[in-house]
Amino acid sequence: MNKVDEFRNYRTKMNQVILEEDNLFFKRFFNLDTKAYEEGALDAKTKEMLGLVSSLVLRCDDCVKYHIEKCHELGVTRTQFFEILSIGNLVGGSIVIPHTRRAIEYWDLL
Amino acid sequence: MNKVDEFRNYRTKMNQVILEEDNLFFKRFFNLDTKAYEEGALDAKTKEMLGLVSSLVLRCDDCVKYHIEKCHELGVTRTQFFEILSIGNLVGGSIVIPHTRRAIEYWDLL
Amino acid sequence: MNKVDEFRNYRTKMNQVILEEDNLFFKRFFNLDTKAYEEGALDAKTKEMLGLVSSLVLRCDDCVKYHIEKCHELGVTRTQFFEILSIGNLVGGSIVIPHTRRAIEYWDLL
Amino acid sequence: MNKVDEFRNYRTKMNQVILEEDNLFFKRFFNLDTKAYEEGALDAKTKEMLGLVSSLVLRCDDCVKYHIEKCHELGVTRTQFFEILSIGNLVGGSIVIPHTRRAIEYWDLL
Amino acid sequence: MNKVDEFRNYRTKMNQVILEEDNLFFKRFFNLDTKAYEEGALDAKTKEMLGLVSSLVLRCDDCVKYHIEKCHELGVTRTQFFEILSIGNLVGGSIVIPHTRRAIEYWDLL
Amino acid sequence: MNKVDEFRNYRTKMNQVILEEDNLFFKRFFNLDTKAYEEGALDAKTKEMLGLVSSLVLRCDDCVKYHIEKCHELGVTRTQFFEILSIGNLVGGSIVIPHTRRAIEYWDLL
């Protein structure tokens, strides 16, 4: 579970640095980020899947990891996870493949 | 309904040009594109929402229009549509706003 | 001044549609967008230049137009404007050139 | 031949505005742009194909048009053109399809 | 040759995980990926150069490494390799420089 | 100061490899890169801030590090640095957050 902990610890540590800064933008932006994924007309699970595929096509490994954790928690199955990856690879092309490899590795660590 | 027809007609006409070309790649790629959105472990509606948000964060207006049509057909509500747009704007930032304006305009034409 | 009015009118009309929707995300996101460019440790003019160059390298013509208007209002000179464009073209490469052409055309309309 | 002329005229007119500006960066950058595609260890035709596929995956329609003209001039065949498009669609994904439609339309106008 | 082996081993291992999954999309997509670079109206060497420059402007280090290996195998010279990098840097801008550094380092390991 | 030295050493070493190559493009491109940030109608500090925000929204960590060093040298304060990051996150969205974390970590190492 080392890679998972490493990711989580760095994320937590640096988010704290950001939120301790006297900068109103980041406080509000982080708040908006949390709220956008809350249950609404779409359920939280669907929203996390939307966050995952968006992060994948934009090729942000850390964002992908974060949404993988959330999807995993909210009951997305491995087969469903692969279908999300399929859409991401189709839309974003073969440059998404290396991120897909790392995404699957991370999923399998959870 | 002019803008909708114009988009559909151009798309149909040019897809035909592509598929009539003796090029195996495009036949297979277009086929893959169709199949990826079919009902599977995830339902077709969820997949179209994934396609929509991916297209939005990658800022491809024509792709957005296409998935808007599909989402609309498959019963996504306007409120749900706005929540998909929210995730896209959060993840992709304020550069997504102009595409959001055009997306809403297109939705309201349907 | 037609192209300028056309851009402004469409922008205003669609922003109204978005803000009239009962969607808290967009109200907050638009508010954040406004506040981020307000005078702070950096002055508003510098912030608008940052917004302009970001929009340029991300190749969002409408965002570029918006920040051009603001830069123009806040006293950025045409020579300074060309230096912002230089940084954008250097960092973002020759794919930024077509957006640069349109940016200059828009500046000269103001 | 209207769309072709329109593209060429606007390009020429705005390049002139840029080069007439007393800005050394753009003079050098445009010069670098011209020189990079000249015959070298790779021939000019291969370089234009590289320019075309790069412009396609970065989804810059005007850049695509420019390199289509050059490829066409230098003897790239329509079948080869479709193979360049194939690589671009594979690498860049289905978001490249709308640009592919416009690219083929432009090629067929020449 | 450590960095090269590390890259190859991880790639092989994860591709196997993907292909062993009961997911038809990835089997077809990987197949399409292989076939797109096969000899056609354009020779395989030209296609790999197209794959390389596309990967470079899209700034995917792993994709760049893969196409570097192929270009190297198919007889692209170091001087030609630098001309491909030139086009990539011109089109994609100075943000491509860090990827260029890593690309050259990888080439020199082969 | 290890991470800083590691970054600087690799950068210096590979730039030397590039400049020792008999390739005129890179000599000119690197020269253009240096000159673009020199004092002009905009001062060097403003130009480095433009370079920083451009690198951030394009999510190039190495470019961000380079411009952080320059901004730091030229007297940008930590509060101003956070405002540049704010614009970058607003324009580029939540996918910029992981790069923001690494940017702040790097700033605090200087």
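All chains are identified by letter, namely A, B, C, D, E and F, in their written order; residue positions are counted from 1 within each chain.
Heads up, the rule we're going with is that a contact is a pair of C-beta atoms (placed from the backbone, for glycine too) under 8 Å apart; a residue touches a chain by one contact, two chains touch by 3 or more.
Keep in mind that what you see is a predicted model, and the values were worked out from it rather than measured.
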Practice item. Spell out the chains that contact subunit C while also contacting subunit E. Key: A, B, D, F
Check your understanding: Nearest 5 degrees, what's the C-alpha rotation angle taking subunit B to subunit D?
Key -> 120
Study note, to complete from the structure: Of C-F and A-C, the pair with more C-beta contacts is C-F
Exercise for review: Tell me which chain's centre, taken as the mean of its C-alpha atoms, is farthest from subunit E.
Suggested key: C
Check your understanding: Using CA atom averages as chain centres, what separation in Å is found between subunit B and subunit C?
Key -> 26
Point to revise | Chain centre separation in whole Å, for subunit D relative to subunit A (CA means) | key: 36
Review point. Tell me, which residues of subunit C touch at least two other chains?
Key: 25, 29, 32-33, 36, 54-55, 57-58, 63, 79, 82-83, 86, 89-92, 94-95
**Study point:** Touching residues on subunit F, where the partner in the complex is subunit E
**Key:** 10-11, 14-15, 17-18, 21-23, 25-26, 29, 33, 54-55, 58, 60-63
Check your understanding: For subunit C, which residues count as touching subunit D in their complex?
Key -> 59, 79, 82-83, 85-86, 89-90, 94-95, 97-98, 100-102, 104-105, 108
Review point. Inside the complex, what are the residues of subunit B that reach subunit A?
Key: 32-33, 36-37, 40-42, 46-47, 49-51, 53-55, 57-58, 63, 77, 79-80, 82-84, 86-88, 90-92
Study note, to complete from the structure: Residue set of subunit E touching subunit C in the complex reads 57, 89-96
**Study point:** Complex contact set, residues of subunit C against subunit A
**Key:** 24-25, 28-29, 32, 35-36
